[in-house]
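Both of the next two complexes hold chain A, though its partner changes from chain B to chain C.
Here is the complex of A and B:
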C-alpha cells in the first residue's frame, strides 16, 4: 500500500476540517503505525527498509501536525494556498500587540514575585482566550475567509508562545 | 547556536530598556511582533522640534537576537534626525551584530519598529489637536 495521499487528512481518512475527533485521529494513527512499522521490514532489502522508515516518519509528521490545533490551523491554511508563516507587520493588529506586551509585563512581575497562584490564574485566562480564538479561526476558515483566518492564526502563535512562557516560569519556580 | 559577543553584550546589558510616555506629543511608539517566534517589541522615540531623536527606549520579549537588535537600534537612533533614522536598514543591524541567516528576521523586526515609531510621531504631529482627546 502506498502513502501517496493528497494531504495528511486524507492519509488518516479524516475530513479536511479544523474540527477533529481526537479518538478518530488516535485510532487512525495506531492503525497506520502498525501497518508501516519499520520492524516489519527488518528482513527486507535496503530499499524497502528505507521506504518503511520514510513512511513511518511521514505518518508521525502527519499525526503531530493534525493533533496540535496550532499546527493543524497552519496546515489547513497551507492546503488553502495561504503561506501562514509569511507575515507583514500590517497584518498584525496593534491593539492585539499592545495587549500581548502588557501580558508579557504582567508575567514578568508574577515571576519576580514568585506568584504561582497568579501564574495559574493567568494561565486559566489565557487558555480561555485561546479557546475563543481557536473557535474564531474555525468559523473564519469554514466560511472561506482565509485572509482573516491567517490573521487569527498569527494571533494564536502569540498566545501559544505566551502559554509556553507561563509553563516555563512555573517549572522554574517549582524547582526551587 | 552560539551568539556573537556583540549580541551577548546587548543581551546581558541591554541599553535603553524602559518606556516613554506615550501620551507625550513628542513621543512615537512602534509596536511590532513576529508571530513565528511570538516575539513582541516596543520601541519608542522622543523627538524634539527640530526632528532630532533625543531619547529612545525599548522593551522586547523575545530571543537574544531580537533584544540585541532593538537595544543596538536605540543606541544608533539617539541624536539622529527621524529622516536619518528612517534610513537605517536591518542589514546594517544584522551585520553589526553578526546575526546568522536564521536570525535576520530579528533585525527586520527592529527596522519595522523604528519605522512604526517614526510614523506614529509624524501622525501625532500632523493631527496634534485631534489626537490630544
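Here is the complex of A and C:
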C-alpha cells in the first residue's frame, strides 16, 4: 500500500468535508500506524526504516491536522486553493474586532483580580461562541463561499488564541 | 556458571531456553538502566522474568570502578570498592548523562571536569578520563552479557528504559552508550510506559493510569492515558531529591534522639546506622514492631511510630501527584489504575496513603524493583518480531517542546510537547541582509519563552546560501523526531533549487567518530587475565562474607552470642582480612569457606529469632 494520496482526507479514507466522523478517523489512524510505524521495521534495512519514519511522521501530521477543527478548516481552505494564513487582506468584521478588544480587556482585569471563577465563566461563553463560528464555517465552506469561509477562519483564530490565553492564565494563577 | 532465573509472581513460570523450543525465536532483552540499580529481563510468549547472578542478585548496582591498571569492575563488586576508593568508583552516572558541568549543583564523591569540546563533563579516574556515556556503556555491557549467557547467543537488540522526562540530550547519551556497548537499541522506552506494559495495561481499551515511582533517591510520578492503543504521557512530576534514603534518614534521626546521641559520628558509624535503619524499615514491612540496636543502646520501633516519622515525606509525594493531575487537567476519580514502582513502595504506609488518595486499584503484584525491566523485556520481545496474541502498538510523545531561537532571545516552538512521535515539522526562514550567504540556527528544548530558560541542544551554521537580495532566499528547516524521541535537523535553500542540507546531532550527543574511537579503545584494553579474574572473584566473595557477618553482628551479635562466641567471629573476620591482602586466590577461597562454616550456628539463631519476631504480632489462631 502506498501513502501517495491526493490529500490527508483520502489518506484516512474520509470524504473531503468539514464534518468528520471521529471514530472513523481514529480507526483509520490506528490502522495506518500499525502498518507503517518504525517499530514494525526495527529489523529492516536503513532505507526501509527511513521510509517508515517519514511515512509515520506524515500520518501523525495528517492526524493532528484533521483532528483539530481549526487546523482542519485551514487545511480545507488550502485544498480549495486559498492560503488561510495570508493576513494582508483580512476581511474581519469591525464589530467582531471591537468585541475581541473588549474581551481582552476583560481577560486582563480578571487576571489582575486573580478571579478564577470569572475566568471559568468567560471560557464557557467563548466556547459557546466557538461552536457557533465553527458551524458557520461549515455552512460557508459546503456552499463553496471560500472567501467568506476564510474570514470566518480568521475569526476562529482569534477565538482559539483567546481560549489558549485563558488556559495559560489559569495555570499561572493555580501554581503553588 | 549457571544463572539463576526467578519468575515474577503473576508472570508465569520461567520459560525454557527459547533457543531450545523455537528455532525462529529472536533473542532480545529489556534493560532498566537505573540511577542506583540496573536490571536485565527477558520475555517469551507474554511472560517475562529478570535475570540474576549465581548468588541470586538480580539488581546490578549502577556502579563502575576503574583501577589504575585499567581494569573495570561493574555492579556489586564495584560498589564494594566505593568505601575505600570512592574517587575511582562511579555511581549515579545517570544523573550526568546529557548534562553539562554547569548542571551539576551537588557534591559527587568523584571528580569531574568540563570536557574540552563542551558537552558532558568527564570523570577523572585512575584509568584516565571517562565520559558518562562510557561509564553507562560498562553497565550496559554487564547486563548484555548476562542476557547473552541466558539466551545462548548474540542478541537481536535491547529495549532500554529512560525516565519520561528525559530530554533529547539525555536520550541521545543513552543511545550512544548502547552503541558503545555494542548493543542495538530496538527502542528507548519511557520507564512509566514500561511499568504499565508489565501489568498489561496496554491491552485495555481506555485507561488513565498513574505510575508512582519511589526509588532510592528519586521520586517520579507520571500520568498516562491509553486511547485506542496509543499510550500517551499526559504529565510528569516528582522530586529529584526524595526517595527511600529519606525514609532511612528519618529512622536514623529517631535512633539518635532516642539514644541521646548528639556527638559527631564517624563515617563507619554512620554507615552502620544506615544499615540498621534499612533493616528496621524492611522489618516493619511485614511486622508491627522491630528491635533496633546501636552500640550499647537498643529500642523498639513500632510501625505506628515509623508511620508518623515518614508521614511528612509521604504527604510530599501525594502533593506531587495532585500537581500532576492539575497539570493534565485530570480529576483524581478518572484514574483507573495506579502502578507502584521502586523498592520504597513496599512500605505499607505509602501503599495505604496512595490507595486512599486515588481510590483506584493499586498494583503491587510485580516486584516494584523489577517491574520496569519486565515491561521493557515484554516490549523487546514484540519488537524483535516474536509475535503473540494481539498486536499492540505503543505510541510515545515528545516530553518537551522543540524550537529555535528567534529575534530578541525568544524561543519559537516548532514541535510542541506531547506531540505523538515520530514527527516532522518544517519551518521557512529567509535572509535579512542583501548578499547574505550564511545563517545560524540555535535549536532549543523546553517550555519557557526565554532562550536562557531553555536547554540549548545545538547551534549550527547553514552555509552556501546563494547571494541574493534580502528576503529572496528561502531556507526550509525540517525537524525530524524519531520513535525514540531523537532529533535530526535538516536545512535546505529552496528558491534557487540549490540544496544545501545539514544533519546535526545535539551538542551533548557524541559524534559517530568519537564513539568509534571509544569502541577501539575498549578493544585494546579488553585483554583480560584469567588468573587476575579468579583472584578478583575470590576477593569479592570474601568481602561479601565479611560484610554480611559484620552487619549481622551489629544487629544481633550482642543479643544472640556469648562474648566468647562474639570475639571468635570477630577474630575470624580479622584472619580473612589478612589473607585477603595476599594474592593467593585459593587461600582466600579456603579462608572464606572456613569463616562461613563458623557462622552457621549464629545464622541458625538469627533465623529462629526472626521467626519469633515475625510471629510475635500474630495470635495463636492465625498461626494454626
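Quick note on the criterion: the second predicted complex is superposed on the first by the 173 of 176 C-alpha atoms of A that agree within 3 Å, B and C clash if a C-alpha of one lies under 4 Å from a C-alpha of the other, contacts with A are read in each partner's own complex, and residues count from 1 in each chain.
In the analysis below, a contact is a pair of C-beta atoms (placed from the backbone, for glycine too) under 8 Å apart; a residue touches a chain by one contact, two chains touch by 3 or more.
A quick note: this is a predicted structure, and the numbers were derived from the prediction, not measured.
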Exercise for the section: State whether A:132 touches chain B only (first), chain C only (second), both chains, or neither. Expected result: neither
Practice task
Considering only the touch criterion stated at the top, classify A:109 as touching first (chain B), second (chain C), both, or neither.
Solution key: neither
Handout entry: Partner chain(s) touched by A:174 [first = chain B, second = chain C, both, neither]
Key = second
Handout entry: Which superposed partner A:160 touches (first chain B, second chain C, both, neither)
Key = first
Practice task
With the two complexes superposed on chain A, say which partner A:39 touches: chain B (first), chain C (second), both, or neither.
Solution key: second
Completion exercise
Where chain B and chain C land on the same part of chain A: residues none
Fill in the blank from the handout: Touching chain C in the complex, chain A uses residues 26, 29-30, 33-34, 37-39, 42-43, 53-54, 56-58, 60-61, 63-64, 171, 174, 176
Exercise for the section: Could you pull out which chain B residues touch chain A in their complex? Expected result: 31-38, 40, 42, 59, 61, 112, 116
Fill in the blank from the handout: Within the complex, chain A is touched by chain C residues 26, 156-157, 186-187, 228-230, 323, 326-327, 383-385, 391, 393-395, 419-425, 480, 482-483
Problem - chain B-touching residues of chain A, taken from the complex the two chains share - result: 85, 87, 89, 92, 94, 97-98, 100-101, 104-105, 153-155, 157-158, 160-162, 164
